[in-house]
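In what comes next, chain A is part of two complexes: it sits with chain B in the first one and with chain C in the second one.
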Partner chain A sequence: MKSTDIAIVGAGPAGLAAAREAVESGLSVMLMDDNSQPGGQYFRQLPRQFSRVDRVRHGRAERLFEVLDHPRLHYLPDCVVWDVPEQGILAYAAGTGSGRVRADAIIIAAGATDRPLPFPGWTLPGVITAGGSQNMIKGQAVRPGDDVVVAGNGPLLLVAAMHLISAGATVRAVVEAAPFQRRAWSRLASLSWSPSLLVQALSWRLRLAAARVPFLTGQAVIEAHGAPALEAVSIAPVDHRGGINRASVTTLEADCLVVGNGLAPAVELTRLAGCAHHHDPMLGGWTPRRTKDLETTVPGLYTVGDGAAIGGVELALAEGRMAALAALLQRFPCACLHKRRHNLARHLDRLGRFRTAVADIFAPPETFLELITPETPVCRCENVTLGELGHLAADGAAGMVQLKSTTRLSMGRCQGRFCLATLADLVATRRGIKVADLDWPRFRPPARPVLLGDLLHEEIPPPVLPDDPHLPRGS
Partner chain B sequence: MTTSAHERRLPVGRRRSEQFTFLADGVAVTAWPGESITAALLAEARSPAYFCGMGVCRECVVTVDGRPGVRACMTPAGPGMKVDTMHGRRPRP
Partner chain C sequence: MAPQDGLRIETVVIGAGITGLSTALFLARAGREVMVLDRGDPWGESSGGNAGTLSLQVKHPLVLDLMQLSLDLWEAEAGSRNLGYERTGGVRVALSQDEVVMLKKSVALQQRHGYGFDYLEGKALHRAVPWLGPGVLAASLSPRDAFSSPLRCGPQLLRAVSEAGVDIVDHREVQAIEPDGGYRLVTPAGAIRCDIVVIAAGVWSGHISAMLGVELPLMVDVNMLTITEPVDHVLDRVVTHIGGVLSLKQYPNGTCMIGGGWQGKGNPESGTKELDYEQLLHNLRIAARVVPGLRQLRILRSWSGFESVAPDALPVLGRLPGREGVFIATGARGGYSLGPAQGMLLAELITDGHTRLPADSFDPARLV
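This part shows the complex of A and B:
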């Protein structure tokens, strides 16, 4: 088993910031990332084989990547961390280099995933997530569609629309479920907690206006049509409680529908490690309980960035530094480090207030469940429809765990990432309780699918087998 | 939906080296070095399974030269690669 001072999961903004803080302070770091290139989703890079001149790099990304050449940093790309078998140990799959690492401190910066919501036609080819649209443009320089509708809820829609326009797509409309415009102006003061981010947001909005893209607020895509792929989308007004006005439907032609309803932190590893979590819709749903130092309820295990609570790139960078600093303070409690931690905490506080203001402006309708018809698949992987779930729920098998085991919902390829939150909403609404009060299915390793063949390369001492294979081990 | 090849490939990040072909379900698809299997399929307007774009949803999973469970959105295409998009799946209705 390898050993290191700090093991970091995720080479996005939060993970890289943590790595730099740690190695510059003299600690050794092992940095593991699922992608083949660093940067995470925000600083996603074009393939290495693309010409250097045109790999237009973010200056900030370039500076963040400098840490990868540091002698005290061991960087493992194409590496899936799939379990926390014991406190302070991570199990990872990386082909023939698979293994385990023991660390004094673990910083999980696993990032977030889109939170798409079911509606009729959401499984058609051509319907993609906001993150998927961003990555195809930023990471592959390929436009995902020519006539695009961007729909859902949250600030990411504006970013996705802007990138699509830059990529030469015609954005037919941005469809935002929140009654955004009515709220934004009255909240301007609270947004001034981060003036640079405010200016950026306003510039996106102006660029959309300049491209004459209709920004439809208080509306939602209620259906995607087409065969075998997307051809058109229907849009209708949605009120703050989630009621849809089906008498007033507009239909737009499109070959690509980009959907996003905010992001959800990837909490598989903190779940597997046994950290306590709480439910906060503003932070993306389930989120680990953390101290001011970003330590979870498991000692020595920190979690930062969007993988812990949705807050964007600035917060991720600052949180990464904070966790590394806190881990460092555990080893070297010196006064100068305390001062830095204090300053960083104030910075985090300001960014946290900006997050609250943004979440407030984009507060979605209470529910999107009215979008789901009985024929709509709730679970994309196992094709479990609302009708099937409703039928079972009426029979009394109404808990999440029972519905999962009777229908296979959440047991497919995505392992519930794109359906469990919807199932929770359905069950909670039907029972008249809060999502936070539901019994969620247990998380089990592997945190992400890995090939069994890869795990055979782990250096684990062979088990001591009895001479007679019929006797129990150890006898 | 009459997108021709190259049109969806953006002029930024200009591709260098020679283009090549790989086989997707027996059909030749053109790609440039570094392009993911999914990006090449999308650029050629072949509506591949693509949803999250970051290796999480696994809708794009294909079998490449016999190796199962490969995420097409995160795996670069290679010359002569044989990609099977339907291996182990129920046929589309």
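This part shows the complex of A and C:
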């Protein structure tokens, strides 16, 4: 088993900021990320083999990446951290090696995943998530489509639309479900405490206006049509409770539909570690309980950035530093570091308030269940439709665990990332209770699908085989 | 459904796993009045989360007849409903010279009990089963080995039992049992009275018999399982191992299930069920040795569950000693595969006082 002062999962802004703070203060760091390139989602890089001259040079990214050359940092790209087998230990697997690492502190900065929402046609080729669209553009220099509709909810739509335009696509419309109003922008402007973020938000909006992209609010995609791939998108007004006005449908032609309904923190590892979580829609759903120092309920285990609570890049950078500082303070409790932490905490507070304001403006309708027709697959891995689930959940008696085992929903490749939230919404609505009060199925390792062959590298003592295959092996 | 406080029922079965449901099914078919109680979701424990291997050739010689009966029942029942049952036949592999010796001995012993299994080694084996790795030196083959996907079987079996006229009451834990001429079962939602009690509570069976003052030295195995992503169909037989440390099969949906009784961590009292990293690695390593193609597959999920095992691994099936009207079935190694037959014998014992197969070596009295 390897050992290190700090083990960090995720080489996005949060993880890199944590790594820099730690190595610069003399700690050793092992940094693991399942991508081949550092940067995470925000600073996603083109593959090294690409020789484009117009490679975007992001000054901030370059500065963050400097830490990767630090002698006290051990960076493992293409590496999946798949379990927390014991407190203070992570299990990792990469093509180049696998095993366990023991650390005094663990910082999980695993980022977020798209929160897909089913609607008729959502599995058609040409329908992709906002995160997927960003990956194609930033990570592969591929334009997802020529005529694109961007739809869903939240500020990410604006970002996705902007990147699509830069990539040369025509954005037919940005369709925002929130009953957004003009005064929203002025409300945002009143948030004087975060000018740099504000400038950025306004610039997205202005760039879209300059490109003459219609920004439709209070509307949602009710169906994606086409065979064998997407040809058109139907949209209709949606009210704040999720009711859809099917009497006034508009249809837009498009060869690509980018859907973003916000992000959900990737909490698999904090779940597997046994951290307590609570449900907060504003933070992306399930989110680990954290102290001001961003420590979870498991001592020595911190979680930061979008992987803990959706908050964007500035918050991620600051949280990464904070967790590293907190871990450092455990070792060197000195006045200087306390002071640094104090200042950082104030900065985090300000960013937190900005997050609340943005979330408020983009508050989505209460539910999107009305969008789903009985024939719509809710779980695309196991092809379970709403009809099938609705039938089973009809009397409200069956819980999530039972519905999962009867339909196999969430048992496929996505491990539930694409469907469990919808199931929860469905069961909670039927029962008239909160999503947070449902019994969720247990989370099981691996945190992400991982190649069996990649797991076998670690040398461990030879097994003790039973003398008699029948006799009890336990206690 | 919430049974009335003080309601009197002829027979109450405690536990809605394969054992309890099978017993209830055969009792109901014999005209008995039966209610099944479970402390959680029916099919929510061992029976819902096990590997589903139904192998004749891995059984202890004293259990071969029982297993053969069970396979007959699986097959008969699967004729009328989808129990996720598939009769693929099976290979039981040996990976070292020592294991080859063990395998030959076992095949000879089974022969003496009247069960002949083919034995193949080297080239002949690899021609017959081309997806086995070069590390497999020999294997015995059984055409009767099969599997049943627990996730497919559960809902169908529950439906069959309900259709036979049995009430299955979930989230109703039996917390105490008081003799009152018959028995009074205390649950959080009131008491239920009955003449006959069937203990089929899996790893909690010892806990229930202790409520009646009978201590049984049952053990708990915490077995781990792993499932892979779905791929094209290759594994056309179930795989087991002479040393009992591998079970492997590919379900019709293309996923491969890897088990073998490697021990996780946890206990029934707290309900914790965790993996043991090193044990899991051993399990995956031996699987990859036997079927090297598995290395290319992603694993999607690993978990552990409890198995109740008697110290001699034989069924604990029959009357609870000293307690008129109380019956028990648990403790057999591989209780999923044996479930239907155990249910049938217990139902026969209750209704007729005797069983179609000799069950003396399974008598619970041997443990007290």
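To be clear about the criterion, the second predicted complex is superposed on the first by the 452 of 475 C-alpha atoms of A that agree within 3 Å, B and C clash if a C-alpha of one lies under 4 Å from a C-alpha of the other, contacts with A are read in each partner's own complex, and residues count from 1 in each chain.
The rule we apply is simple: a residue touches a chain if its C-beta (ideal position, glycine included) is under 8 Å from a C-beta of that chain, and two chains touch if they have at least 3 such contacts.
Only a predicted model underlies this, so the values are computations on that prediction, with no experimental measurement involved.
Q: Looking at A:128, would you say it contacts chain B, chain C, both, or neither? Reply first, second, both or neither.
A: A:128 sits against chain B, while chain C stays out of touch.
Q: Quick check for you: in the superposed arrangement, does A:452 touch first (chain B), second (chain C), both or neither?
A: second
Q: As a test of reading the superposition: which chain, chain B or chain C, is in touch with more residues of chain A?
A: B
Q: Just checking: does A:460 make contact with chain B only, chain C only, both, or neither of them? Give me first, second, both or neither.
A: A:460 sits against chain C, while chain B stays out of touch.
Q: After superposition on the shared chain, which partner residues are touched by A:141: those of chain B (first), chain C (second), both, or neither?
A: first
Q: Is A:400 touching the first partner chain B, the second partner chain C, both, or neither of them?
A: After superposition on chain A, A:400 lies in contact with neither partner.
Q: Output check: A:220 vs chain B and chain C. Expected answer is one of first, second, both, neither. What do you get?
A: neither
Q: In the superposed arrangement, which partner chain does A:41 touch: chain B (first), chain C (second), both, or neither?
A: A:41 contacts chain B only, not chain C.
Q: Could you say whether A:408 touches chain B, chain C, both of them, or neither, answering first, second, both or neither?
A: In the superposed model, A:408 contacts chain C only, not chain B.
Q: So, does A:316 touch the first partner chain B, the second partner chain C, both, or neither?
A: A:316 contacts neither chain B nor chain C.
Q: Where on chain A do the contacts from chain B and from chain C line up?
A: Correct list for chain A: 413, 449, 451.
Q: For chain A, which residues are in contact with chain B within the complex?
A: It comes out as residues 34-36, 41, 46-51, 53-56, 113-114, 116, 125-129, 131-137, 139-144, 146, 167-168, 228-229, 231, 255, 266, 380-381, 413-414, 417-418, 448-449, 451.
Q: For a test of understanding, state which residues of chain B touch chain A in their complex under the given definition.
A: Touch residues, chain B against chain A: 1, 3, 8-10, 12-17, 32-36, 38-39, 42-43, 47-59, 61, 69, 73-74, 76, 92.
Q: Which of the residues in chain C end up touching chain A in this complex?
A: 41, 43-44, 48, 58, 60, 151, 154-155, 219-222, 227-230, 241-245, 261, 263, 273, 275-279, 281-282, 284-285, 287-288, 294-303, 307, 309-313, 333
Q: Enumerate the contact residues on chain A facing chain C in the complex.
A: Residues 83, 85-86, 91, 100, 399, 401-402, 405-406, 408, 411-413, 415, 442, 444-446, 449-453, 455-456, 458, 460-461, 463, 465-466, 468-475.
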